[in-house]
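Structures are listed in the sections that come next.
The two complexes that follow have chain A in common; it is paired with chain B in the first and with chain C in the second.
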Partner chain A sequence: MSATPATAPPTAPTTTVVARGPWALAWRRFRKDKVALIAAAVMAVIILVAIFAPVINSILGQDPNYQDQVNGLDMNGLPLGPSGSHWLGTDALGRDVLARLVYGARISIGIGILSTGIAVAVGVVLGLLAGYFRGIVDVVIARLLDVVLALPVVLAAVALVAVFGQSPVVTVLVLAFFSWATMARIVRGQVISLREREFIEAARSLGASSTRIMFVELLPNLVMPIIIYFSLLVPVNIVTNAVLAFLGLGIPVPTADWGGMISDAEAGGLYQQAWWLVFFPGGVLVLTTLAFNLLGDGIRDALDPRIERLLRK
Partner chain B sequence: MIRFIIVRLLTGLLVVFLVSVATFLMFFAAPNDVARTMAGKAATPETIALINHRLGLDQPLWHQYGHFIWRALHGDLGYDYYHQRSVVSIIKKAAPVSLSIAFGAAILWMILGVGSGIISAVRPRSIMDRTLNVIALIFYSMPTFVLGSMLLFFLYFKLTSAGHSWFPAAGYVPWFGKPDPSNPEHGFWPWMHHLILPWVTLALVTAAAYTRFTRGSMLEVLSEDYIRTARAKGISERRVVFRHALRSALTPVVTQFGIDLAILAGGTVVTEQLFGMHGLGWNSLTAITNQDLPVIVGILLVVSVFVVVANFIVDLVYAVLDPRVRLY
Partner chain C sequence: MSSDEVLLSASGVSKRFTVGSRGLLGGRLQLSAVDNVSLEIKKGETLGLVGESGCGKSSLARCLTRLYDVDEGTITFDGRDITNLGRRQMQPLRSEMQMIFQDPYGSLNPRRRVGSIIGDALAIHGSRGKGTRRQQVQELMEIVGLNPEHYNRYPADFSGGQRQRIGIARALALKPKLIVCDEPVSALDVSIQAQVINLLQELQREFDLTYLFISHDLSVVQHISDRIAVMYLGRIVESGPVDEVFTASSHPYTRALLSAKPIADPRAAEQRDRIVLAGDLPSPISPPSGCRFHPRCPKAEQDCVTVVPTLEVFRGGGPDAQKVECLHPLEADQDLSSFTPSIADTIIGADAAATGSREVAS
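Let's look at the complex of A and B:
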């Protein structure tokens, strides 16, 4: 009775256990999301078109800025509809719509991604500073946030562009200026709770500098919200850029830009005669933002499966 | 409670003050050629200097700002450069237009957005949920001016040229007040008739965000323990959703709504431009292109006051909807 029977040694598990980190798990979830995969494919195509715009146009044999006043317009000087020689028709100046769409991808996507990149970088740094140092730094940054968020975005953006002049650099900076605030707010909130955790205390007791704690210890913990916010902000900035162009304050002419193309078509009600001038740029614009939004949703669901858990409960 | 209100009011004042400084600096400090535009091409430097002097543009910046803010505190936002109308009268004339657009659209998008959000959340993963989700995402991805031009093209232009003039052309028709001699139409029905397309445009684009927002918030609330308790007590599902869940699910939605409404009331630049409505957005856009500085700064200041007030009201409503929120 006193002797306990020796238990059989645990047998080795027959199936091998693979260690899956959070990234591997997120990737598995993402791979199952068909909608997000399609969106990613559409986006990849659009980005490739943007990168290889000159190549594509030389294959098509069209120049986005060539004004074909002879063959590109009909007898009344009106734009031509879609046809064999101009697949998506021509605009009021006899320029090929397809060629301009292809080049416009560069401007729209480039400006969307660049402005978001700057906004996220600024937002993360200011959010880290505010959340980590608290006190006066936090107060100043928080009031700055309030001011930026209290300004009506479109109006203030139009105003800034009007003051500083129309150029791609100004557009990118203006878009970034109005979109860093939310990122900063998210990061600040996360940092405030993270900075009380043990690993930060450990780092501090090991003598790590504030810079090191912020950028080496805290930043890796913020990667997920940053990626999610980035992917959701790009389409917002693409649309805002198009709105600026629509209001006549986008990239200066004659550079092709989707918003600008619609704005040109709108002038004088031209699109009522030539539907393709609004339909194609508008369609591409919606398709692009839709793809970005679907992909953003997919990334969010994959990285932050909280909603999934809620559904399973 | 009292402390909360005082603190919030002071912060609000601070934000309005900062916005006024920011907008003032943005426009008055930047180089402008107002005087040159007004004087015409053949103007002598003396004329330009005289105009600059008359507009007070030759004074030091802090002096100009002090003058501006002192008058603003007395309800005077200055005069526009080109027609000598007072900025206050411009805002008074334009505000009803913007408010009409914003409030009508707001009612529509709250019904559409919150309604479809609830339907989606009650049966997640159902066909209905997926369909609504896709529709919401399409409108969410659609810039206002694309949707607006499409509606104008099909519902106004195509229908009218087909002989059905169901929807009017662009332009605002007042509800109250004296009819404009150039435009005899006024009254409730013409007012509404002219606003339908702008309302629908704005509402569809905005409702999409609310569908997504309500759905997420509702899903979260429906998984809470107190909802399980309510169901366990045998309360009908309808009552669980509308009485127990909706109240707390709507708190974040209300926050967003207040801010959105305030911003839209301050002028919907694109919608006003597209549908030829001369509201705050249209006026400020025109002022920006003409470098009509007092008008821009005046309107931006008024809009920021809207936003601050809306934030304040939202915080109060928040406390009413969610008893857990303590005002301190």
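Let's look at the complex of A and C:
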């Protein structure tokens, strides 16, 4: 776009104005948002830790599931506090807390992103169908949506996990099941206004099929709300996953998981003796959700200048 | 230029929309957008369709291209009855009739690149010409006067006139027989309007196109059309060759409409009589009885209130006949301003009373 051809038409005046697409403009706004940039950096570190968890742990020389009954516990069989050999201490079974935190990042963020991805995909497709076809399709989807939104999330999630058993797949699907509805509602609303635009009529007059209109014409206009909602939903699902784990309904043991670690610390009032068992997993959880939320806010502000920040110069 | 072969014909086409929410008794109001319209478009000609905003021009265009289903009447395209064809059956015909839309901002998807917008038809119907799709699209861009290097830009990077050229290139992609231009220049600056009109005329010569040209701008229609049809409240009230209608219009509405056409010379403009019609365009939900124009017509008589006129040949014959839908058409030498509104006021009052009670009844 910016490359000037060698044989420019002689009449064309040389111009220094560079046409900026919507993405370039969004990036310019995002770059000025310091909070969002810091959040993005924190997110990048956490995601890198999750990806390179085995590498990090081999450098640290720790195994997240190794129960060091001899050196990992004190004489009374209680967990050790932070020290040179175990930087963040050990848990009730003598496992290294840092190693488990590093591995827990994989589960927490993986489940958060995966469940959000499924929820957004389902929500977008159902929202498109409801908004585009209206009529009976809309009525059915809208009612389904009302039902899902009316369910008490944690209670229903507990019931679902209890019925289908504990596994990462069930956790992801349960989280997705409770988060597609809002996406569908947002998409449906956008589609209802977009479908009246003239370019949809133009597509129809060209003979475009409904599928083509939905995915080629409408979907590109929904990219921004989808990205915004995605970035705001991931932290919600990370926390909900931690809640499930805390209630003992998360990923089966011994897999490390932040919510599960807090749950373990709660067992028998252990946290009263060993603060580090709650402090570090809880702290990482808060940091991650905070970073994701601030990043999501930053992306929203950058993509949607209509709700521009009041403080921007 | 134009042959006598008919490309598109409509006979007795009506289109009604249901409006508003259900009333107490479940009845809903019917808006009669197009009422019993018959017209013919001959191969190679430009038929101008004029009328006020809201008179049903665009609805008629969408009926003719089967974007809307019609409630009554038949539409024949290229010798084939297309009135009841389903979406799949219409699919091959879509490539032969295209539309250019009024709003150059609304009619282009803001999130798609220009190249893919213009290439849409090729993607849907399959490429027919030589070369890759990109080459064909760039050739089209050149034909309509766009820089082919702007292939990957977004519509937002273009001005209104350029955007309308994009819309024209899109309509032209499959070399259609008929292009329906729905107010293609009314959203543009006057200087840009001229460029786009000239482009449309060049393209017509080069590709042997037939146009249905919708506009409320009389000067533009007079310039581009071979024949024109005047629409009022869903009905065609007068049609005929453009020169005859402009110089010797016989329907009082056409006469009034033409008197509103701007004249460049201020002295001439001062001398001519502006005919200002009484009242507003009546609601198509409850159109007036008899002749739909009678409440505003200075020349209306008693029978206009009860008798529905039909489009009859008024002058000349054959395909170039001037037709008018009026019980008391004006002769060329008659002056409309010499008539004084006689029954207009009373009828408008009666209509308003009738409208109030209609909702419950329907």
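Here, the second predicted complex is superposed on the first by the 293 of 313 C-alpha atoms of A that agree within 3 Å, B and C clash if a C-alpha of one lies under 4 Å from a C-alpha of the other, contacts with A are read in each partner's own complex, and residues count from 1 in each chain.
Keep this in mind: contacts are C-beta pairs under 8 Å (C-beta built on N, C-alpha and C of every residue); 3 or more make two chains touch, one makes a residue touch a chain.
Keep in mind it's a predicted model, so treat the numbers as computed, not measured.
Per the definitions stated earlier, placing chain B and chain C onto a shared chain A by superposition produces no clash, and the two fit side by side. Using the contact criterion defined above for the overlaid structures, shared-chain residue A:A242 touches chain B, although it does not reach chain C.
More residues of chain A are in touch with B than with the other of chain B and chain C.
When the shared chain is aligned, no partner comes close enough to touch A:I59: not chain B, not chain C. Judged by the touch definition given at the top, the superposed model places A:P220 against chain C, while chain B stays out of reach. The minimum CA-CA separation between chain B and chain C in the overlaid arrangement is 10 Å, rounded to the whole angstrom. The part of chain A that touches chain B in the complex is made up of residues 143, 146-147, 149-156, 158-160, 162-164, 235, 239, 242-243, 246-248, 259, 262, 266, 271-272, 275, 278, 282, 285-286, 289-290, 292-294, 297, 307, 310-311, 313.
By the touch rule above, chain C contacts chain A in their complex via residues 62, 65, 67, 90-91, 94-95, 98-99, 101-103, 106-112, 120-121, 124-125, 149, 152-154, 156-157, 167, 170.
Chain A meets chain C in the complex at residues 1, 5, 19, 21-22, 197-199, 201-208, 212, 216-217, 220-221, 223.
The touching residues of chain B, counted against chain A in their complex, run 11, 14-15, 18-19, 22-23, 26-27, 30, 124-125, 137-138, 140-146, 149-150, 153, 157, 216, 219-220, 222-223, 263, 266-267, 269-270, 273-274, 281, 284-285, 288-289, 291, 296, 299-300, 303-304, 307-308.
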